[in-house]
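Consider the two complexes below, in which chain A is the common component and chain B and chain C are the respective partners.
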Partner chain A sequence: MSLRYLSRQSLQALFTIVMIVLLNFVLFRMMPGSPERILFRNPNLTQEALAAIRERWGLDQPLFPDQFFAYIVATLQGDLGDSYKFIGQPVIEVISERFWPTMILLGLGEMIAVVVGLALGSYTGWRRGGLVDRVGNGFSLVFYSMPYFVIGMPLIIIFATGLGWFPTSGMFTLGATYDSFLDQLLDFLHHLVLPLITVSIGLIGGYSILMRSSIVETRSEDYIGTARAKGLTDARILRHHAFPNALLPVVTLIAINLGYVVAGAITAEVVFNWPGLGTLTVDALNARDYPVLQGVFLFLGISVVLANLAADVVYGFLDPRVRR
Partner chain B sequence: MRAPVSHRFVRLLAGLGLAGALLLPALALPARAADEKLVLRVGTSQDLDAMNPFNTALVTGFEVFTLNYDLLVNWGGDLEPVPGFAESWTQSADGLTWTFKIPSGMKWSDGTPATAEDARWTLQFVLDGVNSEAGYIGLGYIDYYLANAGVTEITAPDETTLVLKTDRPNTQVLQMYIPILPKHVWQDQTLDTVADFTNDVPIVGSGPYQAVEWQKGQYVRFVKNPNWTGPELAADEVFIQIFKNADTQYQAFRSGELDYSSVNGDQFAALAGEANVVTVAGVGNGFTELGFNAYSKPIEGGGASTKALQDPAFRDAIGYAVDKELLVERAIKGFGEVGTTHVPTFQTKWHVEPTALRTFNIETAKQKLEAAGYVLDGEGRRLDKEGKALDLRLYMPDSEEYYATSAQFVQDWLSQLGIKVTTQVFDSGTLTTLMLPPEAGDPANKADYDLFIWAWGGDVDPNSLLEIFTCSNIGSSSDSNYCSARYDELFDLQNKAPSDEERKGYMAEMQQMIYDEAPYHILFYDGNPIAYHTDRFTGWKNQPASNGVPLFGYGSYGYWQIKAVSAATPAPSATSAPIASGAPTPAPSAGGGTGGGGSDNALLLAAGAVAVVLLVVAILLVRRRSGGPTEEE
Partner chain C sequence: MTAPALTRRELRGARMRLRVRNVRDFVRRFARRTDGVFGVLVLLFFGILALAPSVFVGPLETVTTATGQSFEPPSPAHLFGTDHLGRDMLNLTVHGARISMFIGLLATVITILLGAVVGIASGFIGGRWDSVMMRITDFFLVIPTFVLAIILAPIILDLVGTGAELFGIRATLLVIVVVIGLTSWAATARIIRSQTLSVRERMFVDRARVIGGGGPHIMRRHILPNVVNLIVANTVLTFAGAIFTETTLSFIGLGDPFQPSWGQLLNAAQSSGAPGLGAWWCIVPPAACVVLVILAFTLVGNALDDILNPKQAGRR
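Coming up: the complex of A and B.
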């Protein structure tokens, strides 16, 4: 891996992040509806009071240059401002409270989906037309096209309300006292099962479908024929010749998806009342909480860019042709 | 052929798969055993915005602060004044001076003595806000109770006496939704700093329960106030849990994870007959209206599309084309009442039915329109007096589905009159900006709409709903931009009326006036369907008894009525697994109703099945067929 390749990719990433910061400001100011009004369908709020609220939040200043430069300077200093909705709370604090729930749910979900999806995809692709392919591919297509809440709600109705095996929602049992950290961890994991299954099932399809088509393509390559002519077993050809080559396009998908992990899975989080960044985004959007929205999007933008950068680097390892 | 990377990768994948498969049974452990605490769990769809009472704009915020803090005077079962921070009160002969007795020896939840000085400090702080340049404090949702009561002077001559002087005799002093705050915690706050004060948990208060934990967007946890002097409290802890999704909330209620929950019409019906579940079809303190843009001046690039909307005769005629009974049946599934005046029936004391009610009849509507000068053209289109075909824009917010349902009906009825209606849904913020007139002060405010469907919620006192139609509220809360000198005069008169009878007299005229002139057609008084479980708590009381619901009413009344089910041996309901029975104390099962012995085996079976599936997948991936030729690398 050449230093030139690395630095070029890094510079591109940096440039993209700067553009995100700029776009972030413009985007949220273009949305209709004014933030100081959303909270205040208050029969007793006078115009003077509204004016005072605007002043307090700097909304009375012109968008450009005042609000814009204030935004740039503060962002550079790592100050994302205070939430409009949660009055007095810094954005960083609001976001960081929601960070780990999302990372755990989506991060684990991605891991399971990658493992199962790639396994399913490569097997079904290799045995195209077989029973496993027909079932597996059908499974992938169906769940790939399903929104999380369609997967999640039946799980809640059957396994939580109906059978009572799992809690319906949330991250912990309300009012529980824990004897030990292990107890608390187990309670958390108990709550994690259904949302995790939902997210995993929803993600498996994408990986499986891509992996399958990639394997199918690879199967007709000459080197597979060569390997076969050498008398290698099917399994060995799949593992050593087809799978590694078919993996390349999938790596991109994995990287992009990992970047989006911090966005949370909005519908999955909403259905399971999971206090992650996805539900925070929805709440902030509804409340016109510009600072929180900006924070979330900035965070998301940066992580997508970084994940792509990571993908480029990994690509360089996997495929010598791009390493220049 | 290079392959070591992929070798490792495949093994890593397989390893992860195996680990996942093995871990799953552990994840599927049943919920933890029952605790000794008795916990009340209340579900709501509305997030809490602030722990600081001055900074909340939401019903949940009011519920939270009335648990944390006493009001000077609380509300009782029929919304009558009952002891709160003050145990008794007297009004002077001239009606201008109120003397409140604060119990001696009362303590805040942290053990600090609670005295009249705390009440004086709090109310003076609010009064300073009212008298400040801004005219409000925090978000401005609390201070106006003091302003409406006309309080001018607050003194605490001794530790147990609080004296309020008012500018006129009235009883609104007893209805102030203002939490009495502990001076020793709040005294450093000024009008400038309070808007940023987060009032972090644990809270020090004098209410029945104090918030000790707030997980934003998830729940608020309260513990019993050790120094509470009111009726005995059954629950040791209270959780107010926030749900993003009504279906999830409903499932949480059915599975027993919630003791109390708001429900929608379909859920309400589905819960009927379920064991240990009581459903209450309460009526909300508010209404949903079809409103008209009656703004009277031309607005460049905005305003209503026709002057007909300013004409009471036109609005009156439209009223005959609105079948409110059908709307109650279809739009809100029978949960609610047909609306008439803008003081809802919930406010039994003040609601006055108008004389000469309109009855739904399209023909009458047509005749009234013709009589008022709105005739049809050759193509069957209804024309305004300027000769332009009426083509009205009906807007509504996206906050309730039934706005859009109602709008479809209205659209159809008006089309039968030859009036074209186009409907559009907005988010509340956008719609507010769109509907405000230039008086609101923003260039974007152009009152650019014709009709709207939206809703209002009221206080115990009708003032906040009456005020919507005053001229001075054009540019703030008046969304019809209705203005009438007589109405303003009546508003003032009722506000200063020395007796309730006299006040109600003025109010009757106001209600009749708005009904007749119809800047709003009040479509219905929204229902407030809720459900609660009776296997752990009993003694639930509706507030008010006639048409209210137990919680999320006014003040903390509902929470002190609830009793624990003693020596709990709750029968398993149709939907929840049995919880530990025969326990000496009522035993809330963690996770409510999960973890019964019977379900454990099934649980492990299921977890095992999932594990096996994962295992097979993992094995398929790493399977090495033995005996075949190997590759030379």
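Coming up: the complex of A and C.
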């Protein structure tokens, strides 16, 4: 992979992150009334605390350059202000507490969806027009049309409320004490099943549709005809000739779609009351906890950009034309 | 001997015939797509419900005019059962069609307008303006716009207040419309721009420039007609996305309880504990409608894209 490709992608990511930080500043100043009004809504704040806040955000200084640079410096130090709802807790702490539940749910869901979605998509695309394609692609389209909570709510009714196989909400049984780490892990996994199925189903449709159209396009390439002429088996052509080539454009699209994946996780978490960033976002929304909302936007935005950059690097390794 | 010049009337007649032939050709090709036709039928059904919901199920039931008890399962009196407030689910679902489809329509219009203007202007003008606009577009493509929508909605809502109303739509819903528009135009802009770039290089654009046509004139009269097919296909797909986003935003609590869309109904079901009570009838009707409508728009959009998109044309 050339250094030029790498530095160009990094520069672009950096630019996007700078834009996210700027947008966050503008949003903060756009809030109704002054930010001061909202920051000072808490009656328990002492005069010293007020003075400290004013000092930190430079609120008695002009918007530009003083307030702006105060904001930039604070953000660079990881200081995103304090939550209104969880009084006295810095935003960064609130967010980092909720990070792992979301990461586990999203990471596993994304992995399952990529594997199943790409397999389903390449198989249906390879058999385009056949019965397998019609049924498989039909399912993909229906899954693709389902918001996550529309998948999750019926799952709760059938498998949690109805059959009682899985718990309806949360990440651990409330008030439970565990004899060993294994017990705790089992309880966690038990709670994880339904949310994980929800996230996976929500993502499979999109990936399968992408992969299918990419395979369909690859199928008419000359090298597929060559492989056929060599007498290779159908399965071998799909696995070694069509699939790797069809994968390339899909990798980029998967990376671009990460922003949407995050959105889906939010509603899936709400349905199952999974204590991750999604429920945090919605709780903060209902409490109008702006510092937390903006912190979440900043955090998720930067995460998505970095994940995108990682995908670009992977793409550079996969595609020999870029590698040079 | 020179061929006699066409009179104005003959020219107009020839144009008309060409247009009729194009339309007929299009209808014939679309009719062959069973998935597209299925989508159109579903959308017609919901479109009719949305136009006059009161004709089918009477006025929207509220807490005070509720006709049943809390969480009644489906019965002859209430075909779809009742919700936690005793409101008839059939009544709510049919009225939800009107609100969901209307919000989706308005949000789509804003999205497409923004996307088309940015796409055409950016592709046609080119140069520095183009690279600046495309950086902004890429920014909106990459960031989690849904999270941005969640932050923007309460801020705008606090700015305009919840009391305002426009065309009988309450401010809460209008804010959703604006927020969807502001956060989802980027994909459209990208597609329109790439098509504009190829149209711009065609001969008739140069001719228009030679006879003194200005930028705005060329964009309107020469570029727009050549990208309009793409805009149509994209509009239908955007509609699916808009309803998806509206449903999701309403579900997490940004909807309006007084003008319930399908997403708002699902939000009410979730917050009243319907899933835990096993009250499936509060969830299945709005959920099924959402999925059907999004699916229908996607099918129609895909069919249109295959027929109208010049890049797809040779592939079938």
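Operating definition for what follows: the second predicted complex is superposed on the first by the 272 of 324 C-alpha atoms of A that agree within 3 Å, B and C clash if a C-alpha of one lies under 4 Å from a C-alpha of the other, contacts with A are read in each partner's own complex, and residues count from 1 in each chain.
The working rule: a residue touches a chain if its C-beta (ideal position, glycine included) is under 8 Å from a C-beta of that chain, and two chains touch if they have at least 3 such contacts.
The model shown is predicted, which means the values in this text are computed figures rather than measured ones.
Residue contacts after overlaying the shared chain place A:M153 against chain B and chain C alike.
When the two structures are aligned on the shared chain, A:V282 is found in touch with chain B and with chain C. Using the contact criterion defined above for the overlaid structures, shared-chain residue A:G301 touches chain C, although it does not reach chain B. Of the two partner chains placed by superposition, chain B and chain C are both touched by A:T161.
When the shared chain is aligned, chain C comes close enough to touch A:I256, but chain B does not. Using the contact criterion defined above for the overlaid structures, shared-chain residue A:V270 touches chain B and also reaches chain C.
Of the two partner chains placed by the overlay, neither chain B nor chain C lies in contact with A:P195.
Residue contacts after overlaying the shared chain place A:H241 against chain B, while chain C stays out of touching range.
Common to the chain B and chain C contact sets on chain A are residues 32, 149, 153, 156-157, 160-162, 168, 270-271, 282, 286, 288.
Against chain C, in their complex, chain A makes its touches with residues 12, 15-16, 19-20, 23, 27, 30-32, 141-142, 144-147, 149-150, 153-154, 156-157, 160-162, 168, 217, 256, 258-260, 262-263, 266-267, 270-271, 281-282, 285-286, 288, 290, 293-294, 296-297, 300-301, 304-305, 308. Residues 32-35, 37-52, 56, 82, 85-89, 94, 97-98, 111-112, 114-116, 118-120, 122-123, 149, 153, 156-157, 159-171, 173-178, 183, 186-187, 189-190, 192-193, 223, 227, 230-236, 239-241, 243-244, 247, 269-273, 275, 279-280, 282-283, 286, 288, 317-318 of chain A touch chain B in their complex. Taken together, the chain B residues at the contact with chain A in this complex read 1, 3, 5-7, 9-10, 13, 16-17, 20, 24, 26-32, 35, 37, 39, 41, 47, 49-50, 52, 55, 57, 133-136, 139-141, 144, 195-198, 215-219, 221, 237, 239, 241-245, 247-248, 251-252, 254-255, 257, 427-433, 436, 439-442, 444, 456, 464-465, 467-468, 473, 475-477, 575-577, 588, 590-591, 593-596, 599, 602-603, 606, 614, 617-618, 620-621, 623-625, 628-631.
Every residue of chain C that touches chain A in the complex is listed here, in rising order: 135, 138-139, 141-148, 150-152, 154-155, 158-159, 240, 244, 247-248, 251-254, 263, 266, 269-270, 275-278, 280, 283-284, 287, 290-291, 294-295, 298-299, 315.
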